[in-house]
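Letters A, B, C and D name the chains as they come in the text, with residue numbers starting at 1 for each one.
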Amino acid sequence: MKKSLKIAVIGGGSSYTPELIEGFIKRQDILPIRELYLVDIEKGRKKLEIVGALAKRMLEKANSTIDLKLTYDRREAIKDADFVITQIRVGLLEARARDEHIPLRYNCIGQETTGAGGFAKALRTIPVILDICKDIEDLAPNAMLLNFANPAGILTEAVLKHTNVKTIGLCNIPIGTKMQIAKLCETDVSNVYLEMIGINHLNWTTRILVEGNDITKEVLTKASSSSGLTMKNVPDFGWDANFLTSLGALPCAYHRYFYMKEQMLKEQLDSFKTTGTRAQVVKRVEDELFELYKDPELDIKPPQLQERGGAYYSEAALDLILSIYTNKGDIQTVNVKNNGIIPCLPNDAAVEVNCVINSDGAHPIQPRVEIAPQIRGLLQLVKAYEELTVIAGVTGDYKTALQALTIHPLVGSVELAEKILKDILVENKDYLPQFNKREVLQN
Amino acid sequence: MKKSLKIAVIGGGSSYTPELIEGFIKRQDILPIRELYLVDIEKGRKKLEIVGALAKRMLEKANSTIDLKLTYDRREAIKDADFVITQIRVGLLEARARDEHIPLRYNCIGQETTGAGGFAKALRTIPVILDICKDIEDLAPNAMLLNFANPAGILTEAVLKHTNVKTIGLCNIPIGTKMQIAKLCETDVSNVYLEMIGINHLNWTTRILVEGNDITKEVLTKASSSSGLTMKNVPDFGWDANFLTSLGALPCAYHRYFYMKEQMLKEQLDSFKTTGTRAQVVKRVEDELFELYKDPELDIKPPQLQERGGAYYSEAALDLILSIYTNKGDIQTVNVKNNGIIPCLPNDAAVEVNCVINSDGAHPIQPRVEIAPQIRGLLQLVKAYEELTVIAGVTGDYKTALQALTIHPLVGSVELAEKILKDILVENKDYLPQFNKREVLQN
Amino acid sequence: MKKSLKIAVIGGGSSYTPELIEGFIKRQDILPIRELYLVDIEKGRKKLEIVGALAKRMLEKANSTIDLKLTYDRREAIKDADFVITQIRVGLLEARARDEHIPLRYNCIGQETTGAGGFAKALRTIPVILDICKDIEDLAPNAMLLNFANPAGILTEAVLKHTNVKTIGLCNIPIGTKMQIAKLCETDVSNVYLEMIGINHLNWTTRILVEGNDITKEVLTKASSSSGLTMKNVPDFGWDANFLTSLGALPCAYHRYFYMKEQMLKEQLDSFKTTGTRAQVVKRVEDELFELYKDPELDIKPPQLQERGGAYYSEAALDLILSIYTNKGDIQTVNVKNNGIIPCLPNDAAVEVNCVINSDGAHPIQPRVEIAPQIRGLLQLVKAYEELTVIAGVTGDYKTALQALTIHPLVGSVELAEKILKDILVENKDYLPQFNKREVLQN
Amino acid sequence: MKKSLKIAVIGGGSSYTPELIEGFIKRQDILPIRELYLVDIEKGRKKLEIVGALAKRMLEKANSTIDLKLTYDRREAIKDADFVITQIRVGLLEARARDEHIPLRYNCIGQETTGAGGFAKALRTIPVILDICKDIEDLAPNAMLLNFANPAGILTEAVLKHTNVKTIGLCNIPIGTKMQIAKLCETDVSNVYLEMIGINHLNWTTRILVEGNDITKEVLTKASSSSGLTMKNVPDFGWDANFLTSLGALPCAYHRYFYMKEQMLKEQLDSFKTTGTRAQVVKRVEDELFELYKDPELDIKPPQLQERGGAYYSEAALDLILSIYTNKGDIQTVNVKNNGIIPCLPNDAAVEVNCVINSDGAHPIQPRVEIAPQIRGLLQLVKAYEELTVIAGVTGDYKTALQALTIHPLVGSVELAEKILKDILVENKDYLPQFNKREVLQN
């Protein structure tokens, strides 16, 4: 008989938590959770209390036997945990607002997870996640870390390279894409199989099968004219038909920042003038959500959460836990160590690929389709940026950070990289201990 | 006793030819040339006659025994040749002017050998060089093709992938860099050894040894403050010191188009307003050169040719021929098939690396230094662009051309790629038979 | 609604066929077979008629709706088939007897599927299977070929390299090993997960999980003392404990021919004196089986078939067909193109690895365990032998055949290879058209 | 102005030393040696004194300015040395006699450098050479270690993997092969260029060029009928013509132990009965040499040394030192880290390949010829054996030693490996401290 589980959620006060709770409730017959710890930092006490209270009401309503605990002591939560879920946001939405704003000053795209914005977020988050991993190594060495903090690929790579913690990086894009394809093809999501290749937020769907039939070409033709193939927080510009069919794969929503650089930048600059950064929009949504969460009558996940972006994250996380716990052997698209499954990337890189999930973890499946040059080149460049970012994030080395930003396609020159990096380091000073150890501001 | 050589120079009417003739004269004691054919097309008759006459006067003055022949029959020149040298310019300087101008219309860098300009030049030149190779396969299957038409890396890759011709691609940057380093270090060029890695016009010097001592770090520190490390036709902006020392290698002059995109574009736009494109400047220089060449008293290479750019090209070509002829076994940096010498690039790619040169051809030497991520990412992306360009140049496939331009870092978006590609195809119509076979102009 | 299937069984007169029929019957609710063709050559008419009649009785008893057809026209059977199953034995048991005997003359192991015996069998079978593939390309280009003729790895590689037919090579060792482990661990086979790496009949089980727990070390300790880990036709010598635990993986039964060369050879020489070759033993078993099959009262698979060796072959084949038909996505260990999943073998080699099986075919899963040198070396050598055997089998080149035999560890010297090869070529003359085209008998 | 050199020769009392001294004398105008230390252990005092006295007489006769020093203090010799040459023989010829004899007891080939004999020698020598490397790291971190103790490939790999010492492994086979080819082709050795691929004592000459012409095929045809292509200490059986021409490369002398296993074994068993092991023969030769060396009138290398086997070792060593000292840039075949130059072997393996030699060390050149399967398989297997031997030699792990011997083609079974290993461990007890730390004799 299998044992019941202890789960620790770091960043438990997140507005996403009700979705996670709903997920646990839905699976309560097949996934026996003994203890569920929601952990947060002191600064997040108010939010954790609100969300925690709502979670309690939800669990009670569902007659759940889960023992829910709120804590500010991370080590207590991690001790002997089976799974540790990280959904942290170092520096809160204020930091995200800066991430989005700094690049815009220099006419570069300001985005939370890629480009200079994602870079800043990575520098802030790497020290924290490595710190969490030290606790896991110490208190729960067999635990599996499921990270869905962003930039998920870079954080997974940092954990894989610098700790002994077992980890899988998670994103909602794969599951979201599957649902969109299902909708596009008017079929149930269970009939859809996608072959995905790439890295987090730069992931190409190279094959699309519905009920076992390869309909990739048809979907690419459709997709260039249809809308709906994007994420909540990425504007929906249609793809050019010539481009899409010769790309030979469905790009993910974040590819727009690369392939449609000018339009995306223009849209960001326009939006910034009217509604501020995306972080500011999200902040307003979150404030409203927390107002709703406070309602002592509320005992379900409010439908407004769906609007927040990030849909299916908890689905992705819970499907993963379930397949590991039940030794299921199904296929999910997650972030793991490459080890040659994408031969054109370094063996020790984190990649986002289809994996068989069982009690033994995630096992990459060999892609059927060889990676085309038009995909390979961009993939390799952005991965090189990620490698440099991991080094910069761990060491706090100013020059490595400069190289990372210089080669990122959304920055792309030394001059811009220097200016942006200077702003990032100054405005994130409180969150970059690794850089403060050193003389980093060279000019 | 070794036989004397027959050499065919395709594009013999080039203004560079006197440098080549000078090179043959300098080596006449060690490199016995029997026949030297200067070939050109009918359209270039006037230039070939002028240059040919000067060449004759130069050879006579030197008491050379070389039998110089001018011809418009390429097959006559190639038949049984030992070496075929290609220095062609399909579409003449007029085409180059368009190559440089079209991208500028869209605020993209317009450059003869890289970016959208080099791309257009590749599309024009690939069919011609493959045609030349058919003649070589037919009439001189053991000949070695030495190409220094640009973009030399792409053309070498096209020849390697689509013909059975033995070929080495040549560039003056490696020899030029060596001379600059020698000057910088105040030593003789024979004391300098450089380890170079990369592809044509995107080549990093990863190690610099003078008299066997590794002084790479010292040179990188010096180079960020000194000027002089550039080519005639590339503006000399100094390198950022932080950037250069952490790059860990000396970039080549053409890297400025990537690492200093904004400054280079600004400089191009400014120059364009005042002096026109670089092609127009070169045109004026060439016209003046041909005026000089006409002088029946002139029987040496006029010193003004040095001003033209492209210095040392003939040195590079003749050193190569000499090492092959004499089975010398020295080391030169040339363009050859990769075959794993740069493990992060495809095996069948053309790469520019250090090779042992002997009668058996060029044999790549394993680089001592592993390629750093900051170098690897950009190298891989531009190589992917080159692979696509070879496909587009051979097949005339519009969509592949679109993918190639989209991923090039100097274009970088679908929208720009489409606009620029449309202009390229329309304005080069006469030189793109491979595209005219098909319905290419989609919009 | 999915269509019903047409299946062609080449070599339908085999004594194994009743097992296959039983398998179809067991799965009749989930695997709708419309037409089942048993094909054989004229020479096998007697056997096909006997087996065919038994099959009919079995199907009738089970109220099956399968339309069973016996034919000697292979093309009729293949036309529009969904699956083609090959269970051919070129030259019948008489040829196998020679395969086993020839090497024994020179004190080399004589085995049906590996060493010089398997080599001879490969040479005979390659032309036939390629011929079958021509029919498939012509008449059923979308059919999946499931081959379980031996040597299955070499034949799969020949098909992958020289035809366009979709194919998966099958062996009963993986399923057999799973069953033995289940028995050893006293658990149900569904609880056992094995990670297998290697090539057909040289396959190492590198990880053993029961209910998700890794018990590899425990099994290796147990296995060195227990018996039962072998196949019917491979003598069961226990493994040396020191050897097995440091090998780090469970060898398959056929490894005994390599690791216990002397004992195996001695056993073969002893057996040969008393009972003749294994082929002769099997011949007697088969004769008895066919006597049983003739019984018009018999309408089930007779239990004596289990004694025959080759148990679970039809289980393996039918599980594979079912998973493909139902797009199941379970994991089976089969022979497919390597493509880098075993990085130390050539990309175009056939390998035997764990694959996800769905309607799209077999998709290799990345092994978790890196291949240890003690496994790698032998694996690479035998694969090199297989590559050469494919070339020799296709071209009929005497010298390549000589190289193949020379490097095989069960032959291992030029002198032995020459002698054995001479005998093979002479005694298989009627079955080696590819060699007869040429002057092959050099001495 | 370049400085003069200090050279330490470990194992200075070797009978080879006069050849080395002769080499230094021949090069005294171009290779300025300041100090030459001949080091030996106390046990070798008598030999060192004899050889040392002869060396002094030779240097005096040549008016050499080299300061020759004899010492038993290894650290004094190594301190600040520019080159350390190791020509040690741990356990003296007595140990070699055992290495050759033990395998013969079990009908396996007994050879000093490969098979079980070379394995025993590796186990004895690895601890000593790693100890020497500790002294080098400590006292002369910039020194280059040139090892020609055998098995040179395994020792080089041990040093590369377990120390920070710069090293090149040396063998006389490459230079010897060159001389034999020159003789066979009746040309000067300077006209011969060989492309060699493989590992020490398992090295294939894949291309043979004389004056730049590829005559590989002609030589392979000749070589199968000619004698003379072997080493002094390897019997000269002619190669089979069919085998040699389809191998596509010239095997080295030691390949006979693999390709002609039976003949070689028979020859060894026969010789053993009549003249004892090769070690015993050599012992007699050495005793005679030392008698000669004692002659106070002798002041040149006596011609009898040539008979000893191992000719050209000092040529190889001194050519290497000279090319490094003078930054020459010529090509020599030596043992270095693979790093992908032989793609089918691990990156960290020692390989024997053509290298450019300059002040910066040895730089592998990319082989032109792809390695054929008939070469690849054996090469990979023996390399895997070498990897295991390095592990066993460093750790003293009995089981790893068992795996190493089991897979070696000259042993090839668990049973033989266990028996031979037991004898090796017992009879070399005094020289295997790494095994004595542990419980190694399991049975």
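Following the convention adopted for this analysis, contacts are C-beta pairs under 8 Å (C-beta built on N, C-alpha and C of every residue); 3 or more make two chains touch, one makes a residue touch a chain.
Because the structure is a prediction, the values reported are computed rather than measured.
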Where subunit C and subunit D overlap in contact partners, by chain label:
none
Most remote chain relative to subunit C, going by C-alpha centroids?
B
Which chain pair is joined by more contacting C-beta pairs, A-C or A-B?
A-B
Go ahead and note the Å separation of the Cα centroids belonging to subunit B and subunit C.
56
Rounded to the nearest Å, the gap between Cα centres of subunit A and subunit C is 45
Can you name every pair of chains that touch?
A-B, A-C, B-D, C-D
Which bits of subunit C are touching subunit D when the two form their complex?
240, 242-243, 245-247, 258-263, 344, 373-374, 376-378, 380-385, 387-388, 398-400, 402-404, 406-407, 409, 412-416, 418, 442
Sites on subunit C touched by subunit A in the complex
193, 207, 209, 211-214, 327, 329-331, 339-341, 343, 356, 358-361, 363-366, 368
